[in-house]
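These are the structures, in structure tokens.
First subunit A sits with subunit B, and in the next complex the same chain sits with subunit C.
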Partner chain A sequence: MKHMWNKVAKINLKPKSDIHKSLRKHGSLSSHSVTKVLHVATLVMLTAFFLFPLVLSFTNSFMSEQEIAVNYDAVTDKSLSSYNADVEASNSFARFEFIPEMVTLKQYYTVLIKKTQFLFMFWHSVFLTVPIVIGQTVVATLAAYAFAKFRFRGRNFLFFLYIVVMLMPFQVTLVPNYLIAGKLGLLNNYLSIIFPGIFGTFGVFLLKQYMEQIPDSYLEAAKVDGAGALQIFLKIIVPLSKSGIAALAILVFIDNWNMVEQPLIFLQDADKQPLSLYLSRIAAGEKGLAFAASTLYMTPVLLSFLYAENYLMEGIRLSGIKG
Partner chain B sequence: MRTGKLTMNNNLLPWLFLGPSLLGFALFYLLPFITGFYYSLVDSPLSGNFVGLHNYAALLQNPSFLLALSNTAKFTVICVPLNMALSLGTALLLNRKIRGRNLFRTIFITPLVIPVASVVLVWQAFFDLNGVLNSLIHALGYQSVDWLKTDWSRVVILVVYLWKNIGYCMILFLAGLQNIPVEYYEAARIDGANRFQEFFRITLVYLTPTTFFVFVISIINSFKVFRETYLIAGDYPQNSIYMLQHYMNNMFLALDYQKLTSAAFVMAAFIVAVVFLLFRVERKISKRIG
Partner chain C sequence: MAKLKLKNICKIYPGNVTAVRDFSLEIEDQEFLILVGPSGCGKTTVLRMIAGLEEITSGEIRIGDRVVNDVASKDRDIAMVFQNYALYPHLTVYDNMAFGLKLRKLPKGEIRKQVQEAAGILGLEDLLNRRPGELSGGQRQRVALGRAIVRQPQVFLMDEPLSNLDAQLRGQMRLEITKLHKNLETTFVYVTHDQTEAMTMGTRIVVMKDGLIQQIDQPQTIYDHPANLFVAGFTGNPRMNFLEATLLEQDDCIWADLSGSRLPVPAARGQELKEKGYLDKKVILGIRAENLCGEEDSRERERYPESTLEGILEFSECRGPETYLHVRIDGKEVIVRVRPDFQTIPGGKVKVGFNMSKAHFFDQESEVNVGSNPY
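Up next, the complex of A and B:
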């Protein structure tokens, strides 16, 4: 720190020195504009890379079934291509068309009104995700308070265990989890996914980081005023942790809306499965509605992301602070 | 610090707040974890005859497991450094005063929130033998590549992994970059340092804690690429992207709990070891930076 200030002082002692000026005009004008163009070009290319799957799904969701068929038949028609030895010569490739020839809501009509399956799956995703988001947020807020603001025996060891569990892939505890769910009679039941979801340790980790930033003096002051631990929790910790809690809620939402592994194992009934699995199984013939289904599926997360973007950034940033 | 009468209360209090979490943690994570370890040491969960490390020894002879292990290892070794380099690069691009900075940041993080399942179709149509990528390759006069059915499938999964993960790590790096005091750079310039020296002597050094964390996150997320692999390529994908999680899932469906649990513990042990080691090294380096 002291070292740094010395350096700063040094800067102030030599105002507008020659060195300083020459540094400002680092490089000639032309090389400067070249780097700038390169810079912007890179950013634009990255934007295209990150957004094209998203934009494509969206715009293609307004295409008619015929147009989808024309664009994607080369990919869909597996039976033809695998028997056709001369695929190279047939010259039929899938095409990404970003702009529909004719905008139609037919896909949405099919997905939302004509076929009920999609809506059922959509609600399955909601039924699975919402309890986990609410549950994990509440449970984690309570536990994080204990880890962040109390000293007790075994605290560090316990927290270490929480972190280890947080890092484990789902498959590690698959079998025993499955057997426990079986013992509790939860197989093929959403609760077999919701319970482990609620007690996931990521939330505790994230909120502990956040709550540690709340100065102890606030708590001490409240204590002097005669507030108990519960009052401190409700009147100080929770209000001051609002943005951390929001960050957690959105991260948990994203993660669970996207779940694949758990329903794959715990929900063997195809008609209980959430959208994520349904979309991966959409039959070749149904490509015409797949894009509308995909677009509808990503809408809730995308909207909540755009609405609470700053919280999400905060959540990510927090996850990177050392505990 | 806590004095007098409150001491006793204070010993109980944290456990009250911790209670719900701890109960669920014990039942749904700790107990399964311990039981899982026990299963990996017995001949079958029903009879429960202790066989020591037999299951592990058998596992190491199993060709599918070895294939899955080497694939997972190869994938991690390739994707982690690449993800780190690219997300640092992106963060550096955005760590300047440019117009639309926040917009770019939002765009780059978007893949993180997009459910994999909703873009699977696009990836499939892109990488298929008759897909969009091959139409480009074909147009340039080269031979088509069967991206999903040959060893090239590794590249597919790599691209999908990078697409999803660069944003998260970029945000971490951006936060780290913004924590480096501007004065360091000013001082270095006065001492005549060039851009490269600045980057290697200041930026990289002071990013060390962030870098370690990004490293851990990248490893953990490299194991999560199973989601993408499964959705794009199914239960039994091309051999080179048959991951440990495929193996475990398939062992589960085959009811071979011994192989599954011992494979799970090989993986768990590896993760714990890596994380533990990293945090020790990181602590040492952080101390040196001060």
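Up next, the complex of A and C:
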């Protein structure tokens, strides 16, 4: 009998501890799942929030002017709308419609073929942005290499000046830049925007941080192998900084593609102005046109981001710079 | 292949930090010289100065007949293997090995031939298309060696090349580098803090401390005849036992008095120490664990019956082929090597026999080994 009780006790003991274990396990598992769900939900909401204007522009660019007027005239200049009365009667809020009642490419036809101004301004943007991207990438890569891997007198002070200039608001350097451009006779010339763009300080800062992560032993090994400073730069530093350089190129491209103040100030001639100023010139009555132009305007930026997303992430991560 | 000559080399970093002081050394052609010492002793600085990666503050470096003080690294005809291998991560094994040859603008066919030859020596033929990130530690090490040998330099410089490998692989690579040295018949200068590497690989060892050379000699000579207390303590595992002693003369015999217990000093050495004026003076007695024996090693102990002291066993360390006893004698701990089957009881009494013919005597102030050759 006693022997039997022992058996029972033994049998009971084991499952008891197992239950405790499983309870603990399930307890932590459920809290873990709740955290995960909250994480995902937050991310979905944020994504939706940021995607909303992009998707809205894209889908609405295929709507007719009439449909757009119905959707948005309640919150814009009603005097321009022929549907004014109806809209006012129905509601006083904008209606965010994502699916066009009838798909039309008329806005794109107008922007790209009928009115040539868009294409001209697009090319102006390209003429401004591409040299700045190439120039700043080359200059910043070389300067960052010097700051990160060479020891020379005044290096830290010079870099400190770079940081000071970088931290200054754009408006502070605008006036000196304007005066210098005036002295050089570059006003109303793309070079007045391209030169300050090429010698931007942010790229040097970003790439210096990135290049400092490259172990000096690679450079020393290359030196012993017979490489000079330029060969080390081209064969070791540049390939190993690929992500950082790509990240810089994209950031510079986005920044300069969207510039507004510089062309407004430096380019008095309206015929020379870039695409970033086109949207502000579209009449309030041409909302469909604005949607199509916006979609076309953001396409190069989006494509470049999607193409080099991994480089961008890695570049920013390894340079230790937070966005 | 070349002779390497360093004459009164000094390296002082900004802030007046002296890394290397008055370093003079001649490295013979085809020699395998080891620079050994604790961290911060200046051994890597010496290697980097030979490589041209560090400027020398004063002195002269000659490779062959040429003074290379102001010659760039690339023109010194040296190759270097770095501690972290420094393999270019974006290049394949082939391109890593061919890097230096391409810079010298050798014909493609010649580059291919030399890389494949080096890959054959090191067993890298199947790895030539891989990138360093896809290789194991040992393979990376081989590639680093390959990158060095492919250039057929006059001098190979190696900066702790095995320190990132596990113990087993380190043993294997030690052997491979030694074989490589024999096959290539070139001068090797090798930096390590691992005395096993120093003892097993080098034809000569330079022991360094605080930027100064402590001793230059063949490995066995360094082990048997350490020039000073530092070298004696640095070489050997476990380290040499050091006991403070006063030399006394009694009954026509010189004794080492260990504040209570006494050990007889062999007659010839006792006489020598007496002549040098160490009688009634304090010295440091150094004796290695293998020159001590435990109670049960009776055969050994019988050889020096007068040199037996009693101590308390603190603990024993079994290392497979031998066991080390940590015994406290007169308040000092000594390590004794015994057979692995030696019966030990921690806390129990152990009689330790001292083979005084193998003992070293160091001056207490200058720490110099004052006895003549004990072997």
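Going forward, the second predicted complex is superposed on the first by the 260 of 323 C-alpha atoms of A that agree within 3 Å, B and C clash if a C-alpha of one lies under 4 Å from a C-alpha of the other, contacts with A are read in each partner's own complex, and residues count from 1 in each chain.
The criterion applied here is as follows: a residue touches a chain if its C-beta (ideal position, glycine included) is under 8 Å from a C-beta of that chain, and two chains touch if they have at least 3 such contacts.
Quick caveat: nothing in here was measured; it's all calculated off a predicted structure.
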Quiz item: Which partner does A:Y218 reach: the first (subunit B), the second (subunit C), both, or neither?
Solution: second
Quiz item: Regarding the shared-chain residue A:I236, is it in contact with subunit B (first), subunit C (second), both, or neither?
Solution: second
Exercise. Once the structures are superposed on A, label A:V175 by its partner contacts, choosing first (subunit B), second (subunit C), both or neither.
Key: first
Self-check item: Touched subunit A residues, subunit B compared with subunit C
Solution: B
Practice problem: Considering only the touch criterion stated at the top, classify A:G226 as touching first (subunit B), second (subunit C), both, or neither. | Solution: second
Self-check item: First, second, both or neither for A:L46, with subunit B first and subunit C second
Solution: first
Quiz item: Which subunit A residues lie in the overlap of the subunit B contact set and the subunit C contact set?
Solution: none
Practice problem: Would you mind writing out the residues of subunit C in touch with subunit A in their complex? | Solution: 51-53, 72-74, 78-80, 82-84, 86-90, 99-100, 103-104, 147, 151
Quiz item: Given the complex with subunit A, which residues does subunit B contribute to the contact?
Solution: 9-11, 13-15, 17-22, 24-25, 27-33, 35-36, 39, 45, 90, 93-94, 98, 104-126, 128-132, 134-135, 138, 143-144, 163, 166-168, 171-172, 175-176, 181, 183-184, 186-187, 189-190, 192, 209-210, 213-214, 216-217, 220, 223-224, 226-227, 230-231, 244-245, 248-249, 252, 257, 260-261, 264-265, 267-268, 271-272, 275, 282, 286
Self-check item: subunit A to subunit C touching residues, read off their complex
Solution: 215, 217-218, 220-228, 231, 235-236, 239-240, 242
Practice problem: Give every residue of subunit A touching subunit B within the complex, in rising order. | Solution: 4, 7-8, 10-11, 14, 19-20, 23, 39-40, 42-43, 46-47, 49-54, 56-57, 72, 74-75, 81, 87-88, 91-96, 139-140, 142-143, 145-147, 150, 152, 155, 158, 161-165, 167-180, 195-196, 198-199, 201, 204, 229, 233, 254, 257-258, 260-261, 264-265, 275-280, 282, 287, 290-291, 293-295, 297-298, 301-302, 305-306, 309, 312-313, 316-317, 319-320, 322
